[in-house]
Every structure is written in structure tokens, then in C-alpha cells.
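Scrolling down, you'll hit the structures one after another.
In what follows, chain A forms one complex with chain B and a second complex with chain C.
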Partner chain A sequence: MTAYFAILLTAILTGNFVLCKFLGICPFLGVSKKLNTALGMSAAVVFVMALATAVTYPINKFLLVKNDLEYLQTIVFILVIAALVQLVEIVLKKFMPPLYNALGIYLPLITTNCAVLGVVILNVDEGYNFAQSMFNSVGAGLGFMLAMVIFSGVRSRLESCDVPKFLQGLPIVLIAASIVSLSFMGFTGLVEGLLGL
Partner chain B sequence: MNPILLAVLSVSVIGILAAVGLTVASKVFAVPVDEKAEEIRACLPGANCGACGFSGCDGYAAALSKGETTETTLCAPGGQDVAEQIGEITGLAVGNMIPVAAVVLCQGHNDNAVIKLEYQGVQSCRMAAQIFGGPKECIYGCIGFGDCVAACDYNAIHLCNGIARVDPHLCRACRKCVKTCPKGLIEMLPLEGTEAAVLCKNHDKGAVTRKECKTGCIGCMKCVKACPEEAITIDRFCAHVDYEKCIGCGACHAECPVSAINLITLTKHAN
Partner chain C sequence: MAEKKVSLGKEFTKGLIKENPVLRLVLGTCPTLAVSTSVVNALGMGVSAMIVLICSNIVISLLRKVIPSKVRIPVYIVVIASFVTIVQMLVKAFVPALDAALGVYLPLIVVNCIILGRAEAFAGKHSVLASAVDGVGMGIGFTLALCCMAAIREVLGAGTFLAGAQDLLVLFGNNVLNGFNGFTLIKEGSALSPMTVFILAPGGFFTFGLLMACANRLAERSGKPKAELKGCEACPMAGSCSIRADGGACEDGKEEASA
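The block that comes next holds the complex of A and B.
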């Protein structure tokens, strides 16, 4: 159990996908302006990451590895994830319109987001089993959510700051993102120390 | 089996499976689309300004098609043309739409208004208004940092010599600026025709107003007496014109000692 908890904590804090692995920077900068859009986007990411892992794991294990086709991982995963997300979108639209309206705009946006593709490929690279993969992907999604929520707070503070003209807009946002990322380095060694690994 | 063939086969099979699955799903789970709403939506300008009072153009189109509203004239940016198109689609009676445009009711530009403090902070009217009511002596006047300029989707508002001015040719009457102005200075005036309007919202006593701005309304009542239609009333030392009664004769403007009341002629935007 400790090992699973360690995977979850690592994915959220020390190995945060956005702030330490620098995956999914596009939505991180694009949708973090307001807290509620940031939360909507993150919820969609958690959902899609878990779903993508659950589907790609058996495909990788029973189709690609068995036939020595590991080099096809990237393209097959993209194909499967994209089709899956589209399917989920159609089903949601029919049966859960409120959830569709809440996630609707973000779902297609993250179809082939690099963080989603990254988490399934990293699961394979780390040699995780199914349960470990699921923990890792949910943790990665929660880490994404944490980064988005923190950064939307930072950006709302930036709104009311007198930023020098040459830094206004994206430059100051990138600088702020780098400082937030730097602060996450403080978590180094936390998981090992906390769980005595 | 040849590994290249196997690779090609497995990717194609996954691709075809996904395509078939999606096609079937989109047929099985198809949500019936409201065609009338789509048709109405196509007529609307698509600015999603919210002037109609619904969540956006989609919301207004849906409400019209479901019969939640029978008002066809709610789309201010679209004007009479859109109202008639909606009427054609829905079969509802088309009301007569009085075209309006926004006007900033303040003349306190840099030459007229007296500055009270040098404001160095966030360049936003809403922020500046919280510090002693703004940098000008007159706490009712236009602050001139352009919150309304930023709010306008049609680029119709500009800052001229320290105050905001609306270009009636570009104004689409979406009322976003009306909601944005922290001083509530922007009002909608009817287009086509001449109206008298008091370009001041100063409620201070006349003597105080005189020290704050050259063109502030001092509440002297001269316009009230001059008006043949009794369209002007004074509320807390500031005149106000009832635009429905006003005939645009100009008697009030001739009497006004500070030129706070003016005749305004707004012309329709060139489509």
C-alpha cells in the first residue's frame, strides 16, 4: 500500500507533470486565468488521464508487447485516446448534458494533450502494473489540478499589479510560472522521507 | 508474420474499429438538434454581448424557439433587421425597435475639470474610484482610464482629452459599457432625432460644483423654466431630461449658464 501511496504523492508533488516534468504547458498557460475554468479543465484532465490509462494499458500489454510492436506506442496511443475521448463526448452529450456542458469545451481540447499522452507512455516506461498505472495517472491529473489552481491564484494577483510595460501579458506569466515551478523543487525528497523508503 | 505487415495491420484495424465505433455511436446517441433555434442563431450577430438578457446568442435563440419569450426585438446589436428575420422564422409579431446609442454624460475633460490628486496606481476606473472617489475634484465625473473602452466589443469608445466618448456610428447598443462604468455615467439615448441631454451627473450644491468643473450642472433651474414641454426636472442639484417629452427645441441649452445641457443628434450607424 505504501508503494501505491508513494506513486500518488510523487505524481502530485515531486514529479508534478506541469511544474516538474513540463508537460501540458499549453492548457496550463491558456486556461489558468480564472479559477472556475482552471477547475473545469483539470477535472476533464483527471477524467481523461484515468480513462486513457485504463484503455491503453491492456492494448499495450496484450497487443503491442506480445507482437514486439512497442515502437508503435505513440501513434496507437494517440489514435486510441482521441477516439475514446470523442466517444465519451458523444455519450456524455446524450446522457449527462450538465456534465457535458461543464466539461464540453475542455474535452476535445485535451484529446491529444501531451500530458495525457505523457502519462500513458511514462506508465509503460516505468514498468508499472495496472493498479500502479492507475494511481500514477490519477495522481498526475490531481497534480495538474493543483498546479492549475495555484497558478490561477497567482494570475488573479497579477491582474491587480502594476507590471512594467515590457513584461505585460505573457512574459510576466511565464516568469511567474517559472517561480511556481521553482518552489515545487522544495518537495524534493519529501516522498522518500515521509514514507521511509 | 512479416513484422511490418503486422504493424500496418494492427494500426489500421485499431483505426477502422475506432472509426466504425464513433460512427455508430454518433448515430445511436445522436441528440436531436432544435432546427428553429439553429436558424434563429444564424440570424443573430453572434457577439454574445448579453444585451437581450439571455446567456448569449445561443440562449436567446433557444428561448425564442421554445417559446419562453415572444420578444423579437431584444437583440440590440442586430437592430430592426434581425428582429424582422426572427419574426419571419418564428411567426411572432415584430415590435417597433427604437434604435439607441450610448452616451457618456460628462464633459469634465482635462480643460474643464479640476484635478484633486495625482493618481499612481492600476490604470482602471474601478480601482481609481475607490481612492477619494477618483483623481478629479468632481466625484461624479468620468475618471478617464477607459474601463468602458476595454469593455466595448465594437471599438466604439475612445478617450478624448481625459474622458470617454462614444462613437454613435459604431455603437451597437449592447450596454456593456453601461454596466462597466463605476460612476454610472453612460446612458442609452434614442438615435435619429435631436434630444436635449444633461451632460453632467454632479449632485453637489451649485457653489461646490462651480469649483470642481467648468461645465458642471449647478442646479440653477433656468432650464426647467425655459422648457416648454416641462421635460426637465432637478434632482439633488442636477437636471435631468425626460427624453420622451423632449422635442429638441434647444431653449434649455440657450439658457444654461454652464453649457451642461446640450442638444444631441445621434445618427444611425452605416450598415
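The block that comes next holds the complex of A and C.
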């Protein structure tokens, strides 16, 4: 069990997808202006990441690896994710309108979000089993959410700041991201220390 | 004919500076931040993405009259993913060191918004030749921006420049550079030590922010608007996306000004 928690905590803190691995930077910079959009987007990402892993893991194990077709992973994964997102959108619209209203608008954006494809490929590269993959994906999604929420707070403070003219706009946002990322480096070694690995 | 040539030249040069995909259009930020830890990695990533971009631009432009517009995004993704797989296999076979260094970011070229963005904004609407030229220009622009950032980060963060250049050219033999394998600017054991933070994640954001500020300053001097996050504009999902109405990131999409 400790090993699973280590994977989860690593994905959330020390190996944060946005701030340490640079995956999903577009939504991180683009949708983090307001707290509620940031939350909606990251909830959709957690959902799709978990679902994509649950679907691609068996496909990879029982279809691709079994038939020596590993080289098709990239194509198959991105198509599965794209189809899955469409399907989820339709199903949510039909059966769960409240959830659709909350997450629906973010779903089309997620197809081309590199964090989702990234987590699926990383699970394969790391050789995780099903449970480990799920923990890693949920952790990655939660890490994304944490980064988004923290950063939307930082950005709301940034708006009332007197920024030098040449740094206004995107540059100061990136520098703020750099400082948030620096603070996440403080977690280095935390997982090993906490769980006594 | 003469007119056509002029416009081709324009398609080529616009990607380098005026519409540089990274610094002006703010596309492809993930690989830019992730692989710019050394110039050699940046070059490898830039060239790989450029090959995918040119090939997919050509194929998509060839198929632009056949692809029904309703399913064009999945079709584009399949075309791009196929070329990424080819490039991935080539890199694995001929430049294994680069494959190890780029890791997951090599297959992630599939979701690089530069490539899908150019397919949607340009290749799907223009002739094959123009699309290929656009791909070359945008590819070189991407590589230039990556190398620019990587040069700053590598020199400050590791104290080297072009380290591992030999690994990139291993295909042409083991001694093609006469034993040259990058400059070491800060020798081990000297009084100076490199600022490691620059090759770590925070340094990436910081360098990118400052480069963006420089690009904005230069653009302002020549009377152009500064780069804003226009991800959504080039984003192929823009049509079905309602975040822009929600006051999220996107300004109102302005039409692609290249005709």
C-alpha cells in the first residue's frame, strides 16, 4: 500500500505534471484566470485522465502487447482518448445534465491536452500495473488541479499589481509560474521521508 | 508567377520572426519549456517536430478536398500521429541518445498545438507548395526559439554549450566532429559553479518569461501588438469551445491574416 501512496504523492507534489514535467501548460496559462474555470477544467482533467487510463490499459495489454503492435501506441492512444472524450460528452449531455453543465465546455479542449496523452504514455513507459496506473493518473490529475488552484490565486493577486510595462501580460505570468514552481521544488524528498522508503 | 514567388517567400519568413510560433503565437509551450535544458536536445526536438510538421502539412493539404469538414480534426490527428510514429522509430533507431533525452516528449509531438494548429489554420486551406513552405518556416521558427532558450538555460544552468553534440550525429560515425563534444564554459572544480536552477523547471518558466518580454519589446518597437496567449485562436477546438465566452483566456479570435 505504501508503494501506491508513494506513486500518488509523487504525482501530486514532487513530480507535479504542470510545474515539474511541463505537461498541460496551455490550460495552466490559459484557463487559470478565474478560480471557478480553473476548478472546472481540472475536474474535467482528473475525470478524463482516470477514464483514459482505465480504457487504454487493457487495450495496450491485451491488444497491442499481445500482438507485438507496441509501435502503434501513440496513434491508438490519441484516437482512443479523442473518441472517449466525444463519448463522455454525449453520455453526460444525455444522462447527467448537471455534470455536463459543469464540465462539458472543457471536454473538447482536453482531447489535445498533452497531460492526458502524457500520463497514459508514462504509465506504459514506467511499466505500471493497472492499480499503479490508476493511482498515477488520479494523482497526476489532482496535481494538475492543485497547480491550477494555487496559480489562479496567484494570478488574481497579480491583477492588482503594478507590473513594469515590458513585463505586462504573459511575461509576468510566466515569472509567477516560475516562483510557484520553485516552491514546489521544496517538496523534493518529501515522499521518501514521509513514507520511509 | 512572380507574384506567387513573393507570397511563398512571405509564407516562409513569417514563421521565423513575425509569426514565430513560440514567441509570437504562443503555441507549443510544453515542449519549449520541457526540452530546452540543452541546445542539443532543443535541436533534436525542433528538427523532429519540423519533419512531422512539413510531412503532415503536405499530406493534409493534398487531402484537403477529400476530407469532410466535420471529421477533419480526427483525420488530422491520425495523419500527424502516423508521422510522429515514423519519426519516433527513426530517432529510436538512429539517435538513441536523443530518444532517451526527449523521453515522453517525442510521442507528445502528436498533441503539439503548433502542428495541429497549422493543419487547421493553413494546410487545410492552401496549396501543397504553400503548405510545405509554411511548414518549413514554422518548423525553423520553432527550432530557433527552442535553441535560443536552450542556449540561455544550458550556459547558465550547466556551464556548457552544445554538450553531447556527438550523440546527435552518431548516425554518421563515432568521430564525425573530431572529438568535439560541446564547450565546457565552467570547468569542474573552478571557483564558479553553474546556477542549476536554470535547467530545472523554475528556470524554464523564468527564461521563457524574460524571452517573451524581449520579444514583446522588439515587437512594440516595430509597432506590432505584443504576444498574448492566443492558444485558442490557433486551437482547432476553438469552434466548439465556449471558454472564450466565459471570460477565460481567449480574446475574440481574429481571422488568420494569411491569404
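Following the convention adopted for this analysis, the second predicted complex is superposed on the first by the 197 of 197 C-alpha atoms of A that agree within 3 Å, B and C clash if a C-alpha of one lies under 4 Å from a C-alpha of the other, contacts with A are read in each partner's own complex, and residues count from 1 in each chain.
Going forward, a residue touches a chain if its C-beta (ideal position, glycine included) is under 8 Å from a C-beta of that chain, and two chains touch if they have at least 3 such contacts.
Note that the coordinates shown come from a computational prediction; the quantities given were computed from them, not determined experimentally.
Participant: For A:L195, select first, second, both or neither according to whether it touches chain B, chain C, the two together, or no partner.
Facilitator: neither
Participant: A:S178 in the overlay: touching chain B, chain C, both, or neither? Say first, second, both or neither.
Facilitator: second
Participant: Tell me which partner A:V80 touches in the superposition: chain B (first), chain C (second), both or neither.
Facilitator: first
Participant: Under the stated touch criterion, which partner chain does A:C26 make contact with: chain B (first), chain C (second), both, or neither?
Facilitator: second
Participant: Should A:G169 be classified as contacting the first partner (chain B), the second (chain C), both, or neither?
Facilitator: second
Participant: By the touch definition at the top of the document, which applies to A:K94: first (chain B), second (chain C), both, or neither?
Facilitator: The first partner, chain B, only.
Participant: Pick one for A:A3: touches chain B only (first), chain C only (second), both, or neither.
Facilitator: neither
Participant: In the overlaid three-chain picture, which partner chain does A:L69 touch, first (chain B) or second (chain C), both, or neither?
Facilitator: Only chain B is touched by A:L69; chain C is not.
Participant: Touch test for A:S160: chain B only (first), chain C only (second), both, or neither?
Facilitator: A:S160: touches chain B, not chain C.
Participant: Please tell me which partner, chain B or chain C, touches more residues of chain A.
Facilitator: Comparing chain B with chain C, the partner touching more chain A residues is C.
Participant: Once the complexes are superposed, what residues of chain A are shared between the chain B interface and the chain C interface?
Facilitator: 72, 75, 79, 82
Participant: Along chain B, where are the residues that touch chain A in the complex?
Facilitator: Interface residues on the chain B side: 3, 6-7, 10-11, 14-15, 18-19, 21-22, 25-26, 29-31, 121-122, 127.
Participant: Which bits of chain C are touching chain A when the two form their complex?
Facilitator: 26, 29-31, 33-34, 73-74, 77-78, 81-82, 84-85, 88-89, 103-104, 107-108, 110-113, 116, 197, 200-206, 208-210, 212-213, 216-217, 226-229, 231-232, 235-237, 240-243, 246-250
Participant: Where on chain A is chain C touching in the complex?
Facilitator: It is residues 19-26, 29-31, 33-34, 37, 41, 71-75, 78-79, 82, 105-106, 108-109, 111-114, 117-118, 121-122, 125, 166-167, 169-175, 177-179, 181-182, 184-185 of chain A that touch chain C.
Participant: Flag every residue of chain A that touches chain B in the complex, lowest number first.
Facilitator: 59, 63-64, 67-69, 72, 75-76, 79-80, 82-83, 86-87, 90-91, 93-95, 160-162
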